[in-house]
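By letter and in written order, the chains are A, B, C and D; residue numbering begins at 1 in each of them.
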Amino acid sequence: MTADDARRAIAARAAAELKPGEFVNLGIGVPTMIPDYIPAGSEVFLHSENGIIGVGPRPAPDDVDPDLIDASKLPVTELPGVSFFDSADSFAMIRGGHVDVAVLGALQVSEAGDVANWAVPGRDVLGVGGAMDLVVGARRVIITMTHVTSSGEPKLVPECTYPLTARACVDVVITDLAVFRFVGGRLTLTELMPGATLDGVAAATSARYATAL
Amino acid sequence: MTADDARRAIAARAAAELKPGEFVNLGIGVPTMIPDYIPAGSEVFLHSENGIIGVGPRPAPDDVDPDLIDASKLPVTELPGVSFFDSADSFAMIRGGHVDVAVLGALQVSEAGDVANWAVPGRDVLGVGGAMDLVVGARRVIITMTHVTSSGEPKLVPECTYPLTARACVDVVITDLAVFRFVGGRLTLTELMPGATLDGVAAATSARYATAL
Amino acid sequence: MLPGMPARRATVTEAVAHIRDGDTILCSGFGLVGAAMSLLEALATQSTARDLTVVSNNIGEPGRGLGVLLRQGRIRHGISSYFTSNPEAVAAVNSGAITATLLPQGTFSEAIRAGGAGIGGFFTPVGAGTLLAEGKEQREIDGVLHVLEAPIRGDVAFVYADRADELGNLWYRKTARNFNPLMAAAATLTIAEVREIVPVGALEGESIHTPHIYVDLLVQSDDR
Amino acid sequence: MLPGMPARRATVTEAVAHIRDGDTILCSGFGLVGAAMSLLEALATQSTARDLTVVSNNIGEPGRGLGVLLRQGRIRHGISSYFTSNPEAVAAVNSGAITATLLPQGTFSEAIRAGGAGIGGFFTPVGAGTLLAEGKEQREIDGVLHVLEAPIRGDVAFVYADRADELGNLWYRKTARNFNPLMAAAATLTIAEVREIVPVGALEGESIHTPHIYVDLLVQSDDR
């Protein structure tokens, strides 16, 4: 499986978590691939924190509207029923618990559900954007990430060593190897991704977790 | 001079305080008579705290729009360039110092510029509305009131005995006898109303004040 | 807003069936303008929910709007900036029939906005040093005394909009907007009474005042 | 907003002549969308104001928007949620050429709103317990840790609107709205760059996003 295949598999699995009628915010990276896997007519409403509900697919090059972008600063289209609002109103929505789901990448997730996804120690700590607002405010936080770093280090860890984004906020973690949920506050392996094994997951995970397939 | 004549004289004098281009909020009572004394084309923009800039005159009975009222809950008209906004935005405008002038009635004004205009001790203390927001937030606070109570008690007092609306917030006081300004923080009689005398003002005022006609 | 549900059409009867004893209801309207009169009437005539806390700028008028519920003795507590516009509400407070929280109107508005926006509290200069700040934390900020105010949330919001699209996006007319957008965002269940329901796409995206993320139930108004 | 003045028409040259050394400038735009590009260009080429504090979600892009001012060494301090979108801004912070205040984007937005709305400070759960809360007051509210954030105000705001009427009422198009309404309300002098100026009455009262009370100068954009 190529790296892109792995990312697509994660995105497809994450899409299956979304329920009709939900308002969903998709972060940069893997989450931006999720719309490709949401069936048409599913009534999942996409929110982007720069001020829109009703984000549609990327436009054809000739249809780009310079005033219509998402939080990745890339052109999007709008769906019928779209609404626009300012940044204070947009983050009021997020922080106030009105966005049902946020799907974001992460550098580390701890066994307590803490997440680190904005800064690497010793590197620049100069960009946070909406990450903290989203993980604190969304009703359900789904983390999509490769199971290990490019150098093979586990990302599901006993305790985050990178600067925290927020504590105890993660609900679901979807990696190229497995799906984890916090069940009764405990990190729990609930599903293996195609081709993955329990031993393979165990070897790639330093966090303690329960298993309930 | 009848009571109504006195009130009209106060309103006319208050209108003369308003400058072209100013955004002005008019309280209930005497201030609602002020629009009759603002010359057409003077570019004074009327704000009402229920969510409108661009308040026009009262409508003819046949032209009443049930969705178009002012803070007195009475029908108004709208002028070209009118804008509507919600109550949080309206009070953001007021508290944020964007309204140039508030003209309100008062029960008492102290020589320090404190104002009491929402409650009488021993009576119901159950309605404050926007009074506190307006006297704190407006850049310039003009108080219009009769010089004494109906039982002849001075309203310009050394210290307010009624529950305070806010401290040190009054800029101008216009009564049926005189105009006072706070000059260098000191209550100062700057103008006699037609027919009033210095002795008459002194007899009807318990606050200490300077005189600079 | 309830999780994971687009706005559903409901009758006023179905809508008020959601109200439980002890609920806090956010009721929009400045006086009766922008108030959800059909919902309030249904609450009075088709529901027996009692011990209600009502958050409303005014407690209706005598025998109108929330004033009916007051006469029925079903209001336990009022949070308002101006009880005075209904003398019966003032009398009810004075007799101890209901309890009252009085807030300056801007603080009342901002507290509801804070409730919807996930703000834990805010400092305002308004009311600081007065009777209305008693018992509240006060501090000087940049030399000006401020008072700390708490957010307000409700179990249910009754809002009134001139138009909604079928998704539940709302548009308010003229000064009927008042507290509606704030209250729509600050309740667990938001019920919008609307004069007219239009097809999706009929409202301009830039002109929608309350996005449908905030709206749970859409009710046709029979008020006008 | 300056006291007692309706919006006046101005050229970009006249507009940027108001900027003084040491000023704090609120610059709208998410990336460059909704940014006042003509004003930023005039500030770079027709003004010598320096030691500026810029409040902007991003510090432009390399050599574009605020990125030009950064290269000119005229920015002393940046307040932003995402310096990272301009690597030159990151380098300038790391070399000590400029100082930086990083805020979560929602806190950044809310702080500017608070600045315009006369709020002395607010508690948010976002960022509490993290590196970004260090040195700030924190407290538990209803069992959740919150951090106290201060309002942000500017001497000048550069905002961009698609349309203005001749009074200065503003209407923003699609996602170009972003920080514009907040910043328009939070500065002593608000300068609006607009694509099109229309007669008074051409904008619907319910659709005006920024009432003219907030706008001091109107400048015709030459950006598009």
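General observations
As a convention for this text, contacts are C-beta pairs under 8 Å (C-beta built on N, C-alpha and C of every residue); 3 or more make two chains touch, one makes a residue touch a chain.
As the structure is a prediction and not an experimental result, all values here were calculated from the model.
Fewest steps needed to get from chain A to chain D, stepping only to touching chains, is 1. Number of steps on the shortest path from chain B to chain C, with steps defined by chain touch: 1.
Centroid analysis (C-alpha atoms only) places B farthest from chain A.
Computed centre separation for the pair chain A/chain B is 54 angstrom, with centres defined by C-alpha atoms. One simple way to say how far apart two chains are is to compare their mean CA positions; for chain B and chain D this gives 34 Å.
Rounded to a whole number, the gap between the C-alpha centres of chain C and chain D is 32 angstrom. Shared contact sites, meaning residues of chain A that touch two or more other chains, fall at 52, 78, 84-85, 91-92, 94-95, 137. Each of residues 110, 113, 117-119, 124-125, 172-174, 177, 205-206, 209 in chain D touches at least two other chains. If each chain is drawn as a node and touching chains are joined, the picture fits none of the line, ring, star or complete shapes.
Inter-chain contacts, as defined above, occur between A-C, A-D, B-C, B-D, C-D. Interface residues of chain D facing chain B in the complex, by the touch rule stated above, are 1, 3-6, 113, 115-119, 165, 167, 169, 185, 200-201, 205-206, 208, 211-214. Remark: chain A residues 19-23, 43, 45, 47, 52-54, 78, 80-85, 91-100, 137, 139 touch chain C in the complex. For chain C in complex with chain D, the residues that touch the partner chain are 110, 114, 117-125, 141-142, 144, 146, 171-174, 177, 204-207, 209. Across the complex, chain B is touched by residues 30-31, 33-34, 57, 81-85, 89-90, 93-94, 100, 102-107, 109-110, 112-113, 124-127, 129-132, 162, 172-182, 209, 224 of chain C. Residues of chain A that touch chain D in their complex: 48-52, 65-71, 73, 78, 84-88, 90-92, 94-95, 119, 124-133, 136-137, 163-167.
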